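Sharing a structure, written as structure tokens. Questions coming.
Every chain is named by a letter (A, B, C and D) in the order it is written, and numbering of its residues begins at 1.
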Amino acid sequence: MIDFPEISWASIAPQTVILITALTVLAIDLLPRKIERINITLTALLGVVIALIFARNLTPAYETDFSGMIYRDGVSIYLDQLLLAGTALILLMSHRYAQFHPIAYGEYTVLLLFASLGMMTISISADLITLFIGVELLSLSLYVMSGMDKSSLSSGEASVKYFLLGAFSTGFLVYGMALLFGACRTSNLVLIGSAILDGGAGTPLLILGFALVLVGLGFKISLVPFHMWAPDVYQGAPTPVTAWIAAGSKIAGFAALLRIFSLPGISFEPFGGYWAQAIWWLSMLTMIIGNAGALVQNDIKRMLAYSSIAHGGYLSMAFTANNTVGLQALLFYLAAYLFMTLGAFAVVIAVRRNGRECLSIPDLAGLARQHPGVAGLMAVFLFSLAGMPFTAGFVGKLWLFGAAIQEKYYLLAAVGILTTLLSFYYYLRIIVFMYMHEPQKDAVFDAVPASGRIAAGLAAAGVLALGVYPNLLWKVLAAHTNGL
Amino acid sequence: MAATLFFWLCAFLAFFFGLGVIVARNPMHSALSLVMTFVASAGLFLLLHAEFLAWILIIVYSGAVMVLMIFVISLLNLQRDEPIEFTAARRWGVAFVVVFAAALLIYLFRDASVGFTYPPKPAISAEWGSAKAIATDLFTRYLLPFELASVLLTAAVIGAVVIARKPDPNEINGMESTGEEPSNQ
Amino acid sequence: MTELSLAIYAAVRIGVIFSAVMTVVAFLPWIERKLIGRFQQRFGPYRVGPHGILQPIADSIKLVFKEDIIPNNADRVLFVLAPTLALITAVMNLAVIPFGPTFELFGISFGAVQVADVNVGILYIFGFASLGVYSLFLAGWSSGNKYSLLGGLRSSAQMFSYELSLGLSVVTVLMAVGDFKLSEIVLSQEGGFWNWWIVSPKWFVIPGLLGFFLLLVSAFAETNRLPFDLPEAETELVAGYHTEYSSMKFAMFFMAEYINMIVASSIVTTLFLGGWHAPLPYEPFVLAPGWMWFAAKVFVLLFLFIWVRATLPRFRYDQLMNFGWKFMLPLALFNIFLAACCLLLADRFAL
Amino acid sequence: MIGLNHYLLLSGVLFCLGVLGVILRRNVLIILMSVELMLNAANIAIAAFSRYPLFNAGTLTQEDYMTAGNGLVFVFLILTVSAAEVGVGLAVVINLYRQRSTVNIEEVNLLQG
């Protein structure tokens, strides 16, 4: 007989709750009676809220659990909360979206929850195996979700492109992990860390392994040479799915980078030298090409895709800086990025004209006349994405650039600031259209439903709160990053 | 001696059929080459004393996954592909991969920790690689990833069914209005 | 023992087992035709030799001398490969079947009547069975004939649908024995038919019976025998995947099918019917050598195969799929659960 | 005598073949197969690594590494996951084929900037 290990439910409580919620939704959806969409949404929201409560009550323990599989530190608790908040917002948006588009809502919700579960698995991983399964759970769910609108040719195309590039990147990720395993003969990140400190740093296997893992994860967070898929997938996928790819998948990707490149309990000093340099280039390229690409876009989703690529560049700056300030800035900026991106997408989903999505920028002309509230919220998100003062985006950027300057990466910070200035052009262009252009002929915007208002409002509250009182999060972050 | 021969046989087969996967014009031949690559890899696993994995590889990959793949190929009635065109971008891609491969192999050779003729691990028990050893690890230390893998399979089943089934006409027409052009079915 | 003598013993074992099975395979069609004739109140083969006993020889002469045709639009390599693969995978499976315990001849022990006692015997058999799927599919696909293609598609869909319940029905026995080794599984059923897994009190009979039923039905499906012979349904598909085959290539499929029948019966025997153990552990029964008991059980099962063929009509395709996925698979999963509960209970009360 | 490097070389070559396949081929299904080739290469590497010991372990002892992890479980889970991935991938491809009647990735080009 096998002696089963002690199971510490407490440390995976949020994940367990999300799993149970997903299965419950699946069971509800299987009931022979037709189920109203609102019931599915409410069930899922309830589960997410319960999980959020569990996540808030967790106390960080700076040691591995589940025989070395997970690491429940402050960072993971923080990321879990962030991802759960994001899931709740996406649920609200999807509810509105499914009213107009033929997606199988029950299965959609289940997959959405599974995707979130995958992301939350990444955030607690202390082992390459757990991390890999988390990445795959997240990716598989998102491949399917991006193809769920059967009435749309572009949705099918998006799912194929996302799948192919995603599978390709998985190949790199797995091979990289195989080499890491080979270099240290263990898949446990903590042990890999101690093996590196032990004198393993600089071995070819290790370098190659980390490089391939970086390529694999680079695809997932669309860092520049690996970003080709992002614009097409963002444009083609159903909008709430795009939002979750932009926000959730990117946060999860950075969580994976954090887990691998700053191994639990150890800073990445041992190989900081190699990684700072590699990520310096990636970050630079990403900022320049992401922002340049966004300049010429006319489709909002495509523009947001390039904007999200550019933000990946800002975020990865923290890995170059490779210090505590950088880590805190990264975690803060992830929260800011989550709220402003989801907010912008929430508005895009909420605003419709004659039942159709307004996907090109001129479509939004005159929005402020009819829906001043929604237009105002959109302006807040765009200002924050651009980095105007008093928004979360500003504080986050300041913090990130500060971390880079602290480590004397002046050129990187300068490029960051310049590209930020550049980005004002394309963000403000939307605001100009919303406020200063006459509406198009016979353009009447549909009424914006409550779910859309709530989602956008909550996101805006987050953006403004973090922008005006960054101390709210600062203390939490200081406490959570203590152990690193 | 026999083991050495067996290794070279499997290695040659794996390489030969691996090449077959990417050069065969007919998708069916590609798929069958992949099956043979998996069989050869299973041979390598046997040589590494990973008996259980070797058979799992054959049963799961050759027996289920690739049959599914072949099934799809013949359902879609795919004929021969166009020959590979070497555009400039592709030429660069090939050059990159070849350089990358050379770099990879040089790196591996340089590594002091992996000697060319290093003998197999002496301390490995007879149990190593058996179903029992893997099961014990899977149900104790790797319990969490194992459970997560089952969640992943659930997600994959749901996803595959949802996306591959024919759209229900009511599902499409019953909407208040569809945002984009209708599909061409 | 030196390596050389080991090799010689192994060669002897391979030779004996292979020739014995091939003899049975040669006469099985005759037995089948005779029996079916009787079931249908006619005589069956009667012309060649007494009671048609030389019919198999006549048939094989005919097959060898027939013209070997390869259709013009066939994929030539795969067309030739398919029947070879069918025969090879079938024969390979014979290697791990424990036909009998250690036997002695002229005072020399030849080891067990089994070519190789592989550690993961069950997986070995599943592995080759799953490779066998390709032979039928490739035969259908490479013929360049739509009936063949349909037959091939059907066979692969059917075989991997039923492979699931096949695998799951075996899991119950594996749980109880705790080993993949076929010889271990046989040894665990020592001492009378009440210890055989089909009725073992260790799990209160029911999971055993259920598992036996599931395995038997899946085995019928895996060997493409009636009522699961849709891949070659004459009335709809001419002859399915082997429509275009003639001469020796056809004979290979034919042989593979009969070997597969024998392998399937042997596996059922090994897993559920006590392998080469005598039904009663007492004097007159245990005197007969183990391989005889094994052969007797296999013949009973082969008779069952033929009996079913003579009795049941063919499934419709959708019925086949529904039966596999909606009945067999859930039942097999439930059976595993049941068996696990029974084993736990038995363990708790030290039965 | 076959050493670790033989396996690693083979695995590296197979990995590169997979990458080449993804770059060169335009048929979605063959791209998927090439990805499987890459994953298979990783599996061979991991299995080989767990069979051969670490040469220059520093203060960490051999036991530390042995208790650290079993690569075969890693391989097992990678097999599981990539099988699921193929399942989903084939479904996605079927969906594409229904909509467009093609599996050539170059003909799938509605979305452009």
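Everything below uses one rule, namely that a contact is a pair of C-beta atoms (placed from the backbone, for glycine too) under 8 Å apart; a residue touches a chain by one contact, two chains touch by 3 or more.
Every value quoted in this text rests on a predicted model; they were computed, and no experiment measured them.
A.B. asks: Tell me the chain pair with the top count of C-beta pairs in contact.
C.D. replies: The chain pair with the largest number of C-beta contacts is B-D.
A.B. asks: In whole angstrom, how far does the Cα centroid of subunit B sit from the Cα centroid of subunit C?
C.D. replies: Here the centre of subunit C sits 30 Å away from the centre of subunit B.
A.B. asks: Rounded to the nearest whole Å, what is the centre-to-centre distance of subunit B and subunit D, using the mean of the C-alpha atoms as each centre?
C.D. replies: That gives a centre separation of 6 Å.
A.B. asks: When the centre of a chain is set as the mean of its C-alpha atoms, what distance in Å lies between subunit C and subunit D?
C.D. replies: Taking the mean C-alpha position of each chain, the two centres sit 35 Å apart.
A.B. asks: Can you compute the centre-to-centre distance for subunit A and subunit D, using the mean CA position of each chain? Integer Å is fine.
C.D. replies: 25
A.B. asks: Enumerate the residues of subunit D that touch no fewer than two other chains.
C.D. replies: In subunit D, residues 8, 15, 18-19, 32, 43, 53-54, 56, 73, 77, 81, 84-85, 88, 91-93, 95, 98-99 touch at least two other chains, as defined above.
A.B. asks: List, in ascending order, every residue of subunit A touching at least 2 other chains.
C.D. replies: In subunit A, 127, 129, 133, 136, 140, 143-144, 147, 150, 153-154, 159 touch at least two other chains.
A.B. asks: Mark out which residues of subunit C touch at least two other chains, giving numbers and ranges.
C.D. replies: Not one residue in subunit C touches at least two other chains.
A.B. asks: What's the complete list of touching chain pairs for this entry?
C.D. replies: A-B, A-D, B-C, B-D
A.B. asks: Across the complex, what residues on subunit C touch subunit B?
C.D. replies: Touch residues, subunit C against subunit B: 75, 78, 119-120, 123-124, 126-127, 129-131, 133-134, 137-138, 141, 149, 152-153, 156-157, 160, 163, 178, 180.
A.B. asks: Under the definition above, what is the set of subunit B residues touching subunit D in their complex?
C.D. replies: Residues 3-4, 7, 11, 14-15, 18-19, 21-22, 27, 30-31, 34, 37-38, 41, 44-45, 47-50, 52-53, 56-57, 60-61, 64-65, 68-69, 72-73, 75-76, 78, 81-82, 84, 90, 93-94, 97-98, 100-101, 104-105, 108-109, 112-121, 123-124, 129, 133-134, 137-138, 141-142, 145-146, 149, 152-153, 155-157, 159-161, 163-164, 166, 183-185.
A.B. asks: For subunit D, which residues are in contact with subunit B within the complex?
C.D. replies: Of all residues in subunit D, those touching subunit B are 1-10, 12-21, 23-27, 29-30, 32-34, 36-37, 40, 43-44, 47-48, 51-56, 62, 66, 70, 72-73, 75-77, 79-81, 83-88, 90-95, 97-99, 103.
A.B. asks: Please name which positions on subunit D make contact with subunit A in the complex.
C.D. replies: Of all residues in subunit D, those touching subunit A are 8, 11, 15, 18-19, 22, 28, 31-32, 35, 38-39, 41-43, 45-46, 49-50, 53-54, 56-60, 64-65, 68-69, 71, 73-74, 77-78, 81-82, 84-85, 88-89, 91-93, 95-96, 98-100, 105, 108, 110-113.
A.B. asks: For subunit A, which residues are in contact with subunit B within the complex?
C.D. replies: Residues of subunit A touching subunit B: 2-5, 7, 12, 19, 26, 66-70, 99-102, 104, 107-108, 110-111, 114, 117-118, 121, 127, 129-130, 133-134, 136-137, 140-141, 143-144, 147-154, 159, 203-205, 207-208, 354-357.
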